[in-house]
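Scroll down for the structure; my scribbles are underneath it.
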């Protein structure tokens, strides 16, 4: 995220106190739910109903983590999530890069093809998931990792394509042309010149694909049940609970926050491009 | 060292070796070879299911009823005349509209507050964007933990602040449950608005403000005459993207209210999900999702196509 | 090394017609410069020869072989790009040797050639660096090295000097010319800079709006421009054009500019113009000089003019004169002219003047 040079005009900045008060409020708003979740995850069950609420438990405990990971099969979900998200990420980044390069350099299919891909991003998932459920059952890939990997590759593909499309567009093409004149084939110019140069963009696209897969719920809910379930779907077990499982739910949430937040914050620089499908450079 | 003037021309390296037949074929159809895997995947996992669901929506595909009889428009009629379906559409519009407006206002204020650099800005930045990387399921879970009686601390904190006992059932009682759902959505997606609008603000040429300052223009006028027009494309883009995602709202409802009480918190996606997967009226659900799809498609064609031109930005 | 022959070449981008039927024969070993204003199609023509653009019509032959259907890799040409197009992720040595690796050349041979090319260009000490660690001039040399290491049939240069500062540009221009003298490979060189074109070319091909306006040796084009466009494009400051009328009386001929009658020397009187035809008289600044002696030398005309504007450059000054009512620029000795408004007697060299048809803008 580029920051303004120091001397940004005084004109319309909020008065400093107002600005910082607002930012403080905003920070609190963001942090309190996360902190309360963390707090709940390490709080002994006896503290749940205490009045006033316990903000800093005296005797932190990890029992909820143990229960969440084993009794509620959180660990299995975690492993499934990792395998499925990573595989789908690699596939999505690979297929996305291939297609984006073709669109950016050869204008393949004109505007129609690129907008067709884009339109996939805005389809309501419920429209795809219902028939996909039936198809998966017929093919026998319902509740398999393979099935969900395919679905996730498909569902992250539009963003990967468009992010890479924008990336290749702003990359000068003369290096690839030099490779062509130097005696390489189009594939080699792509693979040996364009891909290494686009590596930062590919990594960024992959990070956003990973986050999208890691946090996805709806597809996983419908397309998996007892075997290939992912981490977010484990939370089904905590719905409608009456007190006893707060800590487990919180512990599982804290476990699954880690990877996507770390990756997201690291890839901050590319965030705007990721959120706007490359339309805004940020 | 050889004298530069006595250069002997090198032997020519000639043309590179001929390509194999496969290599030559790939080279000739290169641009289609590159798009083929992605297009194949989209055809197989999106277009084919969509067409399949179109078929399903005209037949009877209920698990309870054997056979797949053609029923014409019956499934569509069932959805259109279902009061729950209509309510879910209204609620979808209301929840998404309200959330997006609140997110926009809060996000714009945050962007304005962050545009000037200050010490610790990058840390604040990193914290503010965290909700974007959290699964909506977990967001729903986090807000459930905060709000649910009697466990959540919200009522206690409000009681302390207001000086009298507050006993609100945030997740099971209208209108509070709508407020809860909006709060969760706002928490997760205000950073989206903030990040895009901040990018827009930082790209406004600073000399415009300097010129305005020299001309003695008031701060409010500068905001209206410079900031808003420059920011407008970003605002439209952010609103459109957010709105198109907001109308799918499902995960937080699934976790926080389960659609309840009764059907009071059914959104369109939630309605279609329950019709299909709790009642197993799959045909009715696919018919409904086609209607929802057409509805979305209209919005997409109207808004997105004119907004997204990567080479223009 | 090879000749290049282009016949009836067209290039269209949708509705835009970039190259409109070019015929061009470039003999083996010649240094040809394609020059013209931006958008004239010169770069498109070059890229079509390289195979980076597909011809919409016509043929391209390299070394007697039609190469329209050949990929760039099979044409055995080398190209130096405007932005150098060095591979940023490879060292200088790998940049230069990259094309040889495409030919599956043994490693030792690649190394030998790369060393040799680096020595020729004086960049031996840079071989292990990455492009981003190089200055503009060094990058330029690496780009050239990448081309000469293969000793291709044809060298293509696409505005290679336009990203360099003025001083470096002069230096590199000299080096490219010397390089051609040494390796004697066919070179096709695109530029929009008329000085580069004049200094480098064996032959200039001047393009405009997708067609060849005129081609020939630099001095031919300079001294005998076929059109006002060519005349105005080559030479700096530009040629001045004065509207007038051609008059013929038997074997004698003259040009009238308003009230002023300017007789043409006998050598120029035979041009194909009719009595009363409207013409443009083209005068280069160096064809106007301050009058000396009691009468002008033969072929010159003495005329009074008013100084409008003076631009000193040191030893010479460019003076914009009002000559028979029209502006004309003269290149004078610095001290021949002192202030605007001054009246000067000017000798005009009619032997060198160009005469164009006012309507067709073509030379008569």
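Which chain is which? They are A, B and C, in the order written, and residues in each are numbered from 1.
Following the convention adopted for this analysis, contacts are C-beta pairs under 8 Å (C-beta built on N, C-alpha and C of every residue); 3 or more make two chains touch, one makes a residue touch a chain.
Labels paired with UniProt names: A = Carbohydrate ABC transporter permease; B = Sugar ABC transporter permease; C = Sn-glycerol-3-phosphate ABC transporter ATP-binding protein UgpC.
Predicted model only: the values in this text are computed from it and were never measured.
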Could you draw the chains as nodes, link the ones that touch, and say if you get a line, ring, star, complete or other?
complete
Return the chain pair with more inter-chain C-beta contacts, choosing between A-B and B-C.
A-B
Would you kindly tell me how far, in whole Å, the mean C-alpha position of chain C lies from that of chain B?
56
Computed distance of Cα centres, chain B from chain A, in Å
12
Within chain A, the set of residues that touch 2 or more other chains is 183-186
Touching two or more other chains, which residues of chain B qualify?
15-16, 27
Give the residues of chain C touching no fewer than two other chains, as numbers and ranges.
71, 73, 75, 99, 102-103, 150
Could you pull out which chain B residues touch chain A in their complex?
15-16, 19, 23, 26-27, 30-32, 34-35, 37-39, 41-42, 45-46, 48-50, 52-53, 56, 61, 106, 109-110, 112-117, 121-122, 124-139, 141-146, 150-151, 153, 156, 187, 190-192, 195-196, 198-200, 202, 206, 209-210, 212-213, 217, 219-220, 222-223, 227, 234, 237, 241, 244, 247-248, 250-251, 254-255, 258, 268-269, 272-273, 276-277, 282, 285-286, 289-290, 292-293, 296-297, 300, 304-305, 307-311, 313
Complex contacts: residues of chain A adjacent to chain B
1-14, 19-20, 22-23, 26-27, 29-34, 36-37, 40, 48-49, 51-53, 55, 95-96, 98-99, 101-103, 105-106, 108-109, 113, 115-120, 122-128, 130-135, 150-151, 153-154, 157, 161-162, 165-166, 169, 183-187, 190, 211, 214-218, 221-222, 231-232, 235, 238-240, 243, 246, 249-250, 253, 256-257, 260-261, 263-265, 268, 271-272, 275-282
Show which residues of chain A lie in contact with chain C when the two form their complex.
172, 174-175, 177-186, 188, 193, 196-197
Chain C residues within the chain B interface of the complex:
1, 71, 73-76, 99-100, 102-105, 113, 116-117, 119-120, 122, 148-153, 182-185
Help me check something: in the complex, which residues belonging to chain C touch chain A?
50-52, 71-73, 75, 77-79, 81-83, 85-89, 98-99, 102-103, 146, 150, 156
